[in-house]
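Structures are listed in the sections that come next.
Look at the two complexes coming up: subunit A is in both, with subunit B in one and subunit C in the other.
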Partner chain A sequence: MTRSTRIVCTRWGVSLGLILLLEAACRSGVVPTLAVLPPSEMFAAMLELLSTEEVLANVAATFSTVAVAFLAAVLIGFAAGVALHGLPRFRRAIDPLLASYYSVPIFVFYPLLVALFGLSALPLIAIGFLAALPAMLIATLLGLDRVPPVLRRVARMHRLGSARTAALVILPAALPNLFQGIKLSLAYAFIGVIAGEFILSGGGLGYAIAYAYESFDNRTMYGLMLFVLLSAVISNTLLSTWESRLQRRRWRA
Partner chain B sequence: MTETAAHAVLRGVTRVYPGTSQVHALGPIDLDIAKGEFFSVVGPSGCGKSTLLDVLAGLNPPTAGTIAFEGEPVAGSVPDGVGVVFQEDASFPWLTVRDNVAFGLRRLGMDAAEVTRRVDYAVGFMGLADFAGAYPAQLSGGMRQRVCIARTLVLQPRLILLDEPFGALDQQTRLLMGDELLRLWRETGATVLLITHALDEAAMLSDRVGVMSSRPGRFIDLVETGWPRDRDSRIVSDAAFGAITARLWSSLRTESMKAIGRG
Partner chain C sequence: MTRREGLLDGTLILLAMLAVWQALYQYAGSAALTPPWATARYAVELLGTPTFWGHATQTLSAFAWSVAISAVLGIALGLWFGAFRFAGDVAEPMLASLYTIPKVTLYPVMLLLFGLGPSAKIAFGVIHGMIPVVLFTLGAVKNIRPVLLRAARSLRLSPMQTARFVLVPAVLPEIASGLRVGFSLCLLGVLIGEMFASQRGIGFLIINGINSHNVKLTTAVTLIVIVFAVGANSALLALDRRLHHRG
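Showing the complex of A and B:
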């Protein structure tokens, strides 16, 4: 068994062990089922819920909101990072703002966003976007900072213009950091949108979980929570797999 | 040097780094490097050796003076026929050895068969044939530097500029890499300018060694070694080798003391 296989087996073993432990604790009454459902029931509830039109509509609403917020944050965050990297004086001026960004509870701006965009998906997209944007921006800055200067000199030695230098040298060299930014942006967009729906919205998965919670409907609440958890883990795993494949890939222009 | 035409000519070359506290890094320098010559530059730390390479390569413009390569002025960009090997690991970590070496040729839009032929030759020449599909992270420091040399060699430069390419390697590997470099020089017929801080390396490899003063760097001595063209690292046991190294150190000692503030 190789080292990486052992690591994967251990990871799965620990996860399954914890699930089985919770299952046993719930079934034996150590953990009251009024507070926590056994994982097997959560899973069954999730499957049932995913066959109802109402939940599917909530899933579609949340995922489309997350997708728009995430894509906008990645594109605009990358562009802003590149621009800011090219303006070192301006960057020095706003660096403290970037560093303290995540200490601001962006949800307090929801009323303002509703006033600006109305009662639509836009305020939630804005919340997801604002949560995800700095991760991509900071990762882009970090990636560009970490490109070894000698690689730019190699590009000059090969007489590459600015565009080819960016595409063939800078971008591949910065890619590991850019991917970290993409992964974090997805996670923050997801958190921002779900939390926004939970607190402030009248639709989406976050709202459905909050509604089930207020109605003491544990089965729905845990079924949806499990679905959100699995969605986050699966999307992150897919991005990580893509990242490793790209890292191994031979880059030809 | 006088029997062959000058391949690169520097006249009054000066480099001053602008800013609130201007730094006069180099010059004025006058130098003729003959076609096919192996010329090394030694000097104290911070004397402007790498600056000299940068201005000769066209990577930085001189503040004053002129540089010509094959009779054409070098102005603001790396001239055709000039290849540079840098001190740092400059291999592209996302490319295999083969793709690293082919990088420059593909940019030139060369025919794929010709790219393959040249890459195969360069990879084989640098002893990397068994690692052609490996990534730089899988190679040792010396092998990565060989990848960078192969990437420059494959472009068939007529002037090869090397900025302390073996600086990060151990002594034994440096001696062997020196042999590789001499073989490359003989087989390609290229002119070589090597920047190094190692006096023994300069004495072993070069036809001529330029000794630079502390900043601003100027040539204070030019030492002809008189080695035959088919030399290799075994000349370190030659009696003349010690004499050459001693002369280099004698020229350099006072300048090195100045560079560390004891002059």
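Showing the complex of A and C:
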């Protein structure tokens, strides 16, 4: 067994062990079942909930909001990153803003967004978008910074036009950072939308969890919570796997 | 770029932001936000009232506890995972995926476990702020240059001396970066906690302002939070850069 398989196996073992430990702690009453459901029941509750129309509608609402926010953030963040890379002085000037951006809890802007966009999905999309945008922008800037100058010279030597230089040389060289940005953007858009729903809005999965908590419906609450957490972990793992596959191909090339 | 140019650019950016704020006010009206000057004046007025400080003390003490707990636990766990390579390799992706989950969904669990008091807020701040501290510390210990450890060995430093003169100075800058990120996330966690199911604190003031359409209050408190967050972050960033460029 190689070291990396051993690591992966241990990781699964530890995760399973923790789940079993929680199960045992709940079943034996160390953790009161009123506070935490045993994982097996969470899972059963999740499956039950996912077969009801109402929950599926919430899932669709939340996922589509996240998708729009994520795509907009990636496209606009990338474009803004490219533009900003070409304007070094402007970039230096707004650098402190970018560095402090994530220290401001953006949920405080929700009422403003509601006043601007009205009570629709738009304020939530805006929250997700605002949470995800700087991650993509910063990743794009870093990626473009790290393109080795020798590659640009090679492109000039081959007399590539600027479009072909961008497509064949610069984009592939910046890809690892761009991918990192895409991954973070998805995570942040998801966090932003769920938190927005949870605290402030009247729909979607986040709201359903808050509502279940307030009506002491622990089964629904834990079922939905497990679904949200699993969705986040699975999407993140899929992107990471794809990323490392791309990375390996780069090394082979 | 000269220092003068930097100052000029900074001022221009600040003015541009104030202009955008004013324009938003013209567009959305007083149902959405109050204009910059009036907000600043009301914020200063708020800072002179004992009610505000009652809420602020609640938030600041929960925040201070969660930063302290995140720092101690985060550094300890990070050093441990960093020192035992195998444990670190097992844990790192798990921590990274914990970092990307919407932790707000876990807040009800904190409330059920810790009750409706400050401890739920603190715990919630800790689960936000601790992970970056662990990840940065782990990375710092893992990537320490082997030549430094060899130098310590060849100088026959005792383990205590190695820690004091080699390990700590080598990992300190990274830990400072982790603490800066953790600091912001603790604040986020505590504020979110107060915005949901709480009767006290700055987050409660904001949510209360939203629910009672007190735009003046919400905008002013938001301004205070932003100034505090950006100010603290800039100070920590300056410290961070000094540590990274030292020596």
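By definition in this document, the second predicted complex is superposed on the first by the 247 of 253 C-alpha atoms of A that agree within 3 Å, B and C clash if a C-alpha of one lies under 4 Å from a C-alpha of the other, contacts with A are read in each partner's own complex, and residues count from 1 in each chain.
One rule holds for everything that comes next: contacts are C-beta pairs under 8 Å (C-beta built on N, C-alpha and C of every residue); 3 or more make two chains touch, one makes a residue touch a chain.
All values reported here derive from a predicted model rather than from experimental measurement.
Colleague: Does the superposition put A:Ala83 against subunit B (first), subunit C (second), both, or neither?
Modeller: neither
Colleague: Just checking: does A:Val154 make contact with subunit B only, subunit C only, both, or neither of them? Give me first, second, both or neither.
Modeller: In the superposition, A:Val154 contacts subunit B only.
Colleague: Which partner does A:Leu175 contact after superposing on A: first (subunit B), second (subunit C), both, neither?
Modeller: After superposing on A, A:Leu175 lies in contact with subunit B but is clear of subunit C.
Colleague: Touch test for A:Ala167: subunit B only (first), subunit C only (second), both, or neither?
Modeller: Neither partner.
Colleague: Of the two partners subunit B and subunit C, which one touches more residues belonging to subunit A?
Modeller: C
Colleague: On the A-aligned overlay, A:Gly206 touches which partner chain: subunit B = first, subunit C = second, or both, or neither?
Modeller: Second partner only.
Colleague: In the superposed arrangement, which partner chain does A:Ile94 touch: subunit B (first), subunit C (second), both, or neither?
Modeller: second
Colleague: Which subunit A residues come up in both lists, the one for subunit B and the one for subunit C?
Modeller: none
Colleague: Per the contact definition, I'd like the list of subunit A residues that touch subunit C in the complex.
Modeller: By the definition above, subunit A touches subunit C via 7, 10-11, 14-15, 34-36, 89-90, 92-94, 96-97, 99-100, 102-105, 107-112, 115-116, 183-184, 187, 190-191, 194-195, 198-200, 206, 209-210, 213-214, 218, 221, 224-225, 228-229, 232-233, 236-237, 240.
Colleague: What residues of subunit C sit close enough to touch subunit A in their complex?
Modeller: 1, 5-6, 9-10, 12-13, 24, 27-29, 31-33, 86, 89-90, 93-94, 97, 99-109, 111-113, 181, 183-184, 187-188, 191-192, 195-197, 206-207, 209-210, 215, 218, 221-222, 225-226, 229-230, 232-234, 237
Colleague: Where on subunit A is subunit B touching in the complex?
Modeller: Contacts found on subunit A: 148, 150-151, 153-154, 156-160, 164, 168-169, 172-173, 175, 247, 249-253.
Colleague: Show which residues of subunit B lie in contact with subunit A when the two form their complex.
Modeller: 57, 59, 77-78, 83-84, 86-90, 92-96, 99, 103-104, 106-107, 152
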